[in-house]
Amino acid sequence: MKTQSLLLSVIALSFASVAAQAQTVSVMGSTALGPIVKKAAEEFMKSHPGLNIAVSGGGSMTGLNQVAAGGCTIGISDVYATADQEKAGVKNHNIVVQPFTLIAHPGVGVKNVSAQQAEFIFTGKINNWKELGGKDQKIVRVIRPESSGTRAVQKKEVLHDQDFSKDVLIQDSTGAVVTSVSTTPGAVSFVELEHLEKNKARIAGIAYNGVECSNNAVKNGKYPIFSFGHAYINPAKLTDAATRKAAEDFLAFILSKEFQEGTVLKAGYLPVSYVKSMKTQL
Amino acid sequence: MLMLKAMPSTAGDPARDAVPATKMRLSIHSEGSRGLRFLLDRGAHSVFLACALVVVALIVGILVFLSLRGFAAFLPLAGNTGRTLSFAEVFLSTEWAPSSDKFGILSFMAGSLSVTMLALLVAAPSGILTAVFVTLLAPGWMKTLMRQVMDLLVGIPSVVYGIFGLTFLLPLISAKWLKDSPAAGFFAAACILMVMIVPTIVSLSMDAFEALPRTLDEGALALGSTRWQSIWRVLIPAASPRLLTAVVLGMGRAIGEAMAVQMVIGNNPAWLSLMREATDRAPLIRFLFTPAATLTTELVQELPNTAAGSAWNNVLFAMGLLLFLMTMGIILATRRLGQRGAV
Amino acid sequence: MNLMQKPRMRMKPQALARWTDRIMRCVLWVIAIGFIAVLLIFVGAILKQGWPVLNLGFFTKMPESLDAGGGIKPELFNSIYLVALSLAVSLPTGIGAGIYLAEYAGQGRVLRFFRLCIETLAGTPSIVLALFGMIVFVQTLGWSFSLRAGAMTLALLNIPVITRVTEMSLRSVPPDLKEASYGLGATKLQTILKVLLPYSATGILTGVVLAAGRAFGESAILVFTAGTNVSSRFPDFRLTAPGESLAVHLWYVTSDGTLPDAREIAAGTAAAMILVLLILNLGVRFIDYRIRKRTR
């Protein structure tokens, strides 16, 4: 390891730049949470000149890996940290609530499914929209990759921890899922509510147990499928007190009533306080 | 920047005066500075050698770092948080379900091979024929045009190809040919890969034909063969070792492409068993239009979302190492082919 | 050699051979025109989709993270800056290595070994380079997702291309030119700098532009090393700033899809990239033409 780090520092010297003089808080992780956190960073930096918050993507686990190892100040994630990362000292803050909804190609002719039907669709027990009172059309299941946070929520809440059918089409991102569903007759999928709202012209929402997904339905406790967006910091690795303070202030700003009820709502998420009383761990 | 300095220029050019070479031009005429010239020459030699050694160091570096992470899957190393896997359960199993502790990557290897071969099936002949056309038959303006076309096709970013495939090609195939069933799979991926690797094959095949002695073609024509007979029976066989090299290098590009393929292939790790079980369509149709996955597509999708040190993450790095070793294998194979051609 | 046996001119009816000849010529024309058509349709479709989006505002506005109407100013800047940074590393290294291979390495085992390494690096899939860059620059060196991590990894992509094209260009210099230089008493270094490099400048330049074009369109590497965000300042020359490029922006916008105008932005970005590519290609033709004119 010693020779390795020596070698690396030689490479580093050849390309290292002067460290930034401004106080920097680096945020890495979930690309889905990226936009809202970036927006928060922009607003926060306006009131805190001299502070620089750099938000970059990389994926939920990349963010968690990095924050656990001290590679970044804040890791944002759609999923909870693993046991090992918890052991490394990462601390969770739920920053937003993310409702999920079933979507389908507009031509399937089904507007509502029961919880059991939804489960059967994705486990492969139901294979044609006809069986649900829709068009005679094969069901094409579009899902996210195994490591995706959305898929984890879907497996837990919709499939009740059973395995997905093997007959699926997998797309890496929600954007690609929406495109696939909108162009593939018979397609069904499971996405964040905001994606349905922004693509109403191309895809159709399907109600779950008779309740259409909406912010209000989640707030009233009528719609059960949602998850938290997380921000993790690792106090053990934040040796610089100023950086730690800046990171904590930034998280406090995200959780402030002003930001939660303003930007968070506008961005299609729900404020954490709305569902605080409900389950805290999915 | 170096090349700008090196461009032909007149002696008084101020930019040139900064270059040590100018000093040396003076030194040619002054007897006393022989030692300096010698030293500079030796110094330059080591600088150039160092540059070349950087490349070697990079290869070694890639190998070492990928091995450190990749072999962690099979060895009980300190940073591991998951269990240690055996080679057999990774390389000889088609079952990939990391959250259920199954790490077989055979279906990804098969997927990479299938999509590459499928792309080559069209790209190799059409690439070689295009090279034949450009080097031997086309009029001058067409030659220039084709070179431009190939340069541009090489330059188009793979994401652009991918998005084109996702938003345009897939719906088109699905609506036109498949009675509305999804089109994601090997066929769409191979179509896109084909366009991406043809330029490589064309430009290398053109080199191969240009390297042939003119007398070969002329001799065949003098013996009364038609142009096509000369091409088919004389020139293509004579160039075949280098043509094969061109094809193999195209294959290398196809195996390594990630972003474009990932958007259109459907990414289903269970494609092998899915294909076996589904019997409602002809086998070939099933093969072409079942959502499938390859080594690269799986890497791109899962790597950002797996925990460092977990068996899952380690296996992904092992897949990266495998890709790198495959590249080395391909390069060594072209070496062999090249040597055979040189005899 | 078996070459001589291959051209068996079987005395089939002459007519058949003539017809085959004609048909195959047609086939070749069709294939060539087919590729031109593919390119035209492709480029045409992308430009047509993106054209309505391409206005001054699109190039001069910062991207939005939640609302419609964002631009691509910092992404365009990052793309160019990343390519420039990566060339700053790969150009000296690549040209130096190319000179070594062409002029110093001789013809034996050393040359073969170096060539093998360069070909291997050239053939290495960009996703593998991305993994390497992620382990070394992002994680081990702790550079996080930044311009420097992206630029260094991009340089790995460029080095073999530049090395190869330098070597080939140097080898294509007529030997009498070199001999004349030595005959005049020039040292090896002088010959290289004053005779060989100027003579092969066009060849090298073409290769560099090709390498720059590839780096410009590269996404797999940058997703894993430069990140999917831009600095909130503009222009941000700091090497530690997050370095989302145009290609990555295109990928991110389509895959994330939370922007209300994601599809328009994607179409515009794709069109902008194709435009840059066209300008780059035409530019190198032009420079090539000028240099040829001057040296003739």
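So that you can tell them apart, the chains are marked A, B and C in the order they are listed, and the count of residues begins at 1 in each.
Rule of thumb we're sticking to: a residue touches a chain if its C-beta (ideal position, glycine included) is under 8 Å from a C-beta of that chain, and two chains touch if they have at least 3 such contacts.
What you are looking at is a predicted structure, and each value in this text was computed from that prediction instead of being measured.
Of all the chains, the one whose CA centre sits at the greatest distance from that of subunit C is A. Across B-C and A-B, it is B-C that has more C-beta pairs touching.
Rounded to a whole number, the gap between the C-alpha centres of subunit A and subunit B is 34 angstrom. One inter-chain figure worth recording: subunit B and subunit C are separated by 13 Å, centre to centre, where each centre is the mean of the chain's CA atoms.
In subunit B, 166, 300, 303-304 are the positions where the chain touches two or more neighbouring chains simultaneously.
Residue numbers of subunit C whose C-beta contacts span two or more other chains: 136, 223-224, 254. Subunit A has residues 57-58, 69, 172, 176, 179 in contact with two or more other chains.
By the touch criterion given at the top, residues 81, 97-100, 166-167, 170-171, 174, 180-182, 184, 262-263, 266-268, 270, 273-274, 277-278, 291, 293, 300-310, 312 of subunit B touch subunit A in their complex.
Subunit C meets subunit A in the complex at residues 65-66, 89, 136, 138-142, 144-146, 148, 152, 223-224, 227-229, 231-232, 238-242, 244, 252-260, 262. Residues of subunit A touching subunit C in their complex: 4-5, 8, 11-12, 15-17, 19-20, 24, 26, 28, 31-32, 34-36, 38-39, 41-42, 45, 53-58, 66, 69, 71-72, 172-176, 178-179, 194-195, 198-199, 263, 266-268.
In the complex of the two chains, the subunit A residues touching subunit B come out as 57-62, 64-65, 68-69, 79, 82, 84-85, 137-138, 140, 145-149, 163, 166-172, 176, 179-180, 183-187. The touching residues of subunit C, when paired with subunit B in their complex, are 3, 6-9, 17-18, 20-21, 24-25, 27-29, 31-32, 35-36, 38-39, 42-43, 45-46, 91-97, 99-101, 103-105, 113-114, 116-121, 123-129, 131-132, 135-136, 156, 159-160, 163, 185-190, 192-194, 197-199, 201, 204-205, 208, 210, 213-214, 216-220, 223-224, 247, 250-251, 254, 266, 270, 273-274, 277-278, 280-281, 291, 294-295.
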